[in-house]
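One chain, chain A, appears in both complexes that follow, with chain B as partner in the first and chain C in the second.
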Partner chain A sequence: MNPIAPIFYTEEYKDATDYFRGIVKSGETSSRVLELTEHIIRMNPAHYSAWQYRYKTLLALHSPLDEELRLMDALAIQFLKTYQVWHHRRLLLTALNSVPAAEAELAFIRRAVAVDTKNYYTPGRTDKELLEADVRNNSAWHHRFFVVFQSGVRKGDEDRELVLRRELAFTKEKIALAPNNPSAWNYLRGILEYTKTPFSTITTFVEPYASTSRSSTAEQEIVIDLENPYLRKEGGASTMKAVEIWRSLANVHDTVRKKYWEHRIKDALSSIQK
Partner chain B sequence: MTERHLRSTPTDGYATPTSHIQAATEQILRSHLPSASEANQGPVLQKNIHLQYLLRNLVQGFPERYTSQDASQPWLIFWTLQGFSVLGVGLDDQTKKRAIETLLALQHPEGGFGGGPGQAAHLLPTYAAVCALAIVGRPGEGGGWEVIDRQKMYKFFMSLKQQDGSFLVMHHGEVDMRGIYCLITVATMLNMLTPELLAGVPEFIASCQTYEGGFGNASFPGWVFEEDDPERDGSSTDSFNPSSPRPPLGEAHGGYTFCATATWVLLQPYLRLYYPSSAPAINRSALLRWLTQMQGIPAEIGGFRGRTNKLVDGCYSWWVGGCVVLAETLLGIGLGGDRRPEERGKGEEHAGEDGWDDVDDSLFDRRALQEYILYAGQHPAGGLRDKPPKPSDSYHTLYCLSGLSAAQHRVIPHDARRAEVLASWRGDIAKEKKCAGLAAPSGDGEILENLRREIFLDTLSWSEEEGTVKYVGGSGNRVNATHPLFNLTVTHSEAIMAYFYGQTLPVRKPHHAASTPPTGK
Partner chain C sequence: MSTKIPLSSLGRSGHSSHCRMCLLGLPFSQVEVDSSRIAVVFYCLGTLDLLGVVESKTSEIERETWRAWLWEQQTSSKYGTGFQPSPYMTTSAASTDHTEYDVPHLIMTYTAILSLAILRDDFKQLDRSGIVRFLQACQQEDGSFSALPNGGESDLRMMYCAFVISSMLNDWSGVDIDRAVAYIQRCSSYEGGYGQTPFGEALGMSALMFRNFIHYQSLGGTTYCAIASLHLVPDTPSSPISERISPIQRARTIRWLAQNQTSSGGFCGRTAKDADACYCFWCGASLSILGEGGLVDEDALAAFLLRCQFKFGGIAKAPGERPDPYHTYLSLAVLATLPPHTDDTSWKLPCLDTLWNATQDTTNWIKSHISDHNDLGSE
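Entry: the complex of A and B
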């Protein structure tokens, strides 16, 4: 066969993967397989079959899985963004099912994350630290949402009213620091919706950012539906106020989203007619 | 493009690493905009050098640095073949034959396709291989389609099924939204859908929508957070409780959002038929807002980013730009029915820079996206890219071209086409042609027959909306329309589905011939 779109491998890679194909065919599980799959993974960590076969071989040989974890530490740092690296660790930890191994893993992740703070598969530093370093880090905002609202109630956080007030205060402070930050606005909208808190409760905070008469047009760009408090009030007059802001976004401040804002206007007007 | 449009993203006097890299990127992008004197000519899609690039990859192959793609060989083939399709170039029979042979060598003896010869079966290469076969294959011996082993593929799919409705991407693999899209797309195209396969998939997808409106990679199965539950008896061989919380894992992301949304659209017939009441739901308005929020400002030449506060990247032209029409469809926005006849046909004459007249209902800036791809996405040596000054690569070449296509053509579900396909529908043949030996425990009753028909009709009713084409830089930059759910041309989508459902599709009337070049080309 004369394959299309071939890749020009090095001889070393070609030899190793040819050998690997032979092993898969024969079903061999031996220490030789562990050496070979490590060799392939080091040349190409995205070779998912080598990872899969390595894992099966480790189980078949009853290899000590904590030793495998330590061997993989260097690889994880080297290939920080390769999915397979982390998935392999997860399989090992699940198979080990041990508290010391889990603790060692957390310590390892902290070291690994110090290498790259923006890799969202590997949260380790607290989201608060990450947001202090960069208030625009969306992965950190997302992680914060998960930790505060979606992963069970932590000790000291039993009073959910208090938690909501704390989060609102935190987010407002971050918005005041740098208003042109969609991550923070999305978080604000997210916590209000999640806790079913009426948007009207933050009108006084939001209103200055939504003014069409602001001399600086900069912040207008992120002034969107949440940031537009008028819509959420009852009655036609406030809808007209919202429409006025949307028009200014569509025609002046955020022209890339012109069609979207016009859609919102149409939607709002048709809903008051009903 | 005038100066007043090019205000930088404000930093509020508070610079952080994100704002630094954003400012640097905007500066580079600005330098790729034409000067006032050049702007009149409009950008040119350098079709010839991109075709040469694709041809070099196809015939000569990929350089050594592509070793990292050794487990993604069907993708390299799909990206290249679909690149030719979008550029409107057909392949000779000899090349098609070689492509079919190359792809079939990746079929795993136990079902599905692997990323290379002798590699394990995996959902992602399975999708890429089937889509590539949709382009080069045909019915009959040597055509590739009849030797796709659907029975084993179905067993492979079911062996990956998890309690929460999701699927692993391979044995001992992880759950990944991309894998769900790949599986559902392949099962749709190859007439393999059953209620057993689809069970729990809508609930899983809905659980992956984040507070931002887009979708994350996966969600935590509920039991993760119940370890300390005193009611539990400690044995973790569990009864999965579908109503326990399943928070999304990972922030809203363009690639996962496309996969989730396209799958959600594909699931509509299943939701209609199998959930007479209380069907799971997603927040469609939040999805639409998130998608449109991802489009960059003029200083970013209107390209799309994949996550909030990240940089624009040409590949999201397709994953996010191409997803807008899917969200519109879910919301029932601009499906063409209410367009006044006198408005039809207006757009075609206004392809130039001036007199741009928006007669369509598309909710993103189609002109700006085309400008990003044409000004910033093209590498001068051929192929397309993330952004300057990066090199081109196979992946970005396709997804920039597909994004350009999504910005030029508006392809939406058409009632008239649906009625035509329905009139020719042969349910008895479709049932006979379903994946052989696939005995669903629930039987193959009327409801499954209806599901099969509705999926076929829903999927193949997508057509280009008349009078809505837009070519920045003129019609010389035209590329082919693609099917918004599959990223195949409508012609290829129809051919492979007609084969696997045993249908003969009615000829498309000229007014919705989505992938035929305009006359005179």
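Entry: the complex of A and C
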């Protein structure tokens, strides 16, 4: 049979996987299975059957799962982008179900995140740049949204107002630090929408960023959210002001999205006429 | 615009050669695709299909042996029937006793059917009712689907595959639609896109946060998976199509998708990241499904993908990177969906069905050989 897209295996991989298939067939669970699966995983971290069988063997042998996690730390850093590495961790943490393990995991994630963003941490960068690299971390913004609004941890209705004010202050501060960071603007939008707070309440904050005379392409992202203060305000005058900004985006500052801004202009104008 | 430089030609023959080479064999450095080989096969064959060279670049004998090889990967067990990625866990060809480790895989089942259709198989060997049982076995309590009936990752990519397969079979009895749709809706994020999974328990969060960093090699673009899925499912009394995406959510999604087209012309997959050829498809096709493909700057997009072309053939994720069949296929797929304005015929590609992610001809083949036969043997 002529296979499609055959992989030209090395002898080492072929031997190890032949052996592995034999073990799976016999149902053996022993410490040499742990050695063998680790060997295969190091050659091919996406070998999901090896991961599955390894997990089954760990449970069957009552192996200490926290030790397995520490072994996985090294593998996770090496194979940061392989799904199975993280899936396995998740299974281990669920099985361990302990506070110290969860704490160790958070510490590990901080280290791993630093590895993932290592490109930012090059010598010669200023502290401000490091901070900006951090505020641009979109996953961190998502994580914050979950912790603040979706995790179910809150003290009661009294808190809602306080939480919103705190989040607005936090986000505005980060925007001031790096105004052309769309992650922060999206978060601002997200908290306003989630708390059903009208966009018009932040007009005074946003307006200074709404200059239509900006020309630097690096700053074009800033202006993208400038429809915010005007869009939901009552009356035609504010809509016309938003339209004016969108026109400058479409024609000068953000021409890649010309058609998107024209679509927004059309929508806004037709809603006035209604 | 007046300042635009005219596009040079699309390197069609280099792209088809790149994919043909991969069909003939992959170096050991690609060993990670051992457990997802059929997906690679689909990206290669899909590229040839989009370029209209399946018949000229492969021989009848090759196509016949490839079809036979693909059918060898169809496997039946107590979990129903589907395709495994390759024989990488099969002990012997004649073996009929299955372990828990050579079960079918959802993404492989979807890409195997597409591959067989590109090879114009008659699908007489397709075990329709077995596949329906396999889908049932993969759906979880929370409505999501796992890659394998006995485990594996469970996220919107799997949901999408289960939906396309049901749509191809024209048989949705393997899916609890209402629970599945509710799951997709829980994945929507405040930004307007969709996450891999909804925010679940606190423990899952640590893993989840991480998964945001992961660039999926096989089938990224969860927003595409969500949008396409919501358009694939038929109406149900409790979930009519018209109510699955609220007008506010729709506007938010369109805004986020449009925001992802960067000044390079390409799309990024997450806010404020660099453009990547595969996200040009995932974002561009999503906009197209939402009826807003017109918002994309097609000429800037094509110019970006031109820069991702590798000089010896194939398209890479970004300029200067190594090409692979995944990025090659998805680049061509978005160019077929949102073609640039040019008279150069090298850019002419066939119509793409953006929901199934296959050429219209291949989709029609599936419809006439699978979908229209749902009364045969599915009971």
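Criterion: the second predicted complex is superposed on the first by the 189 of 274 C-alpha atoms of A that agree within 3 Å, B and C clash if a C-alpha of one lies under 4 Å from a C-alpha of the other, contacts with A are read in each partner's own complex, and residues count from 1 in each chain.
FYI, a contact is a pair of C-beta atoms (placed from the backbone, for glycine too) under 8 Å apart; a residue touches a chain by one contact, two chains touch by 3 or more.
These numbers come from a predicted model, not from an experiment.
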item	value
When chain B and chain C are modelled together on chain A, clash or fit	clash
Contacts of A:105 with chain B and chain C, given as first, second, both or neither	second
First (chain B), second (chain C), both or neither touched by A:179	first
Partner chain in contact with A:24 - chain B first, chain C second, else both or neither	both
Residues of chain A that lie at the interface with chain B and also at the interface with chain C	1-10, 13, 17, 21, 24-25, 43-44, 46-49, 52-53, 83, 87, 90, 136, 138-139, 142, 145-146, 150-151, 181-183, 186-187, 189-191, 193-194, 221, 224, 255-260, 263
For the chain C and chain A complex, residues of the former touching the latter	1, 22-28, 30-37, 40-41, 44, 62, 65-66, 68-70, 72, 86-91, 93, 99-102, 148, 151-153, 189-191, 195, 199, 202-207, 209-217, 248, 252, 255-256, 258-259, 261-263, 265, 270-273, 292, 294-297, 300
Partner chain C, residues of chain A touching it in the complex	1-10, 13, 17, 21-22, 24-25, 43-49, 52-53, 80-83, 86-87, 89-90, 93-94, 102, 105-106, 109, 112-113, 116, 136, 138-139, 142-143, 145-146, 150-151, 181-183, 186-187, 189-191, 193-194, 217, 220-221, 224, 255-260, 263
Parts of chain A lying in touch with chain B, wherever the complex brings them together	1-10, 13, 17, 20-21, 24-25, 43-44, 46-49, 52-53, 55-56, 83, 87, 90-91, 120-121, 133-139, 141-142, 145-146, 150-152, 177-183, 186-187, 189-191, 193-194, 218-219, 221, 224-225, 254-260, 263
Residues on chain B engaged by chain A in the complex (per definition of touch)	5, 7, 9-12, 14, 16-19, 57-59, 61-64, 66-73, 76-77, 80, 95, 98-99, 101-102, 105, 114-120, 122, 170-174, 210-213, 216, 225, 245, 247-248, 250-252, 288-289, 292-293, 295-298, 302, 307-310, 333, 358, 361-365, 368
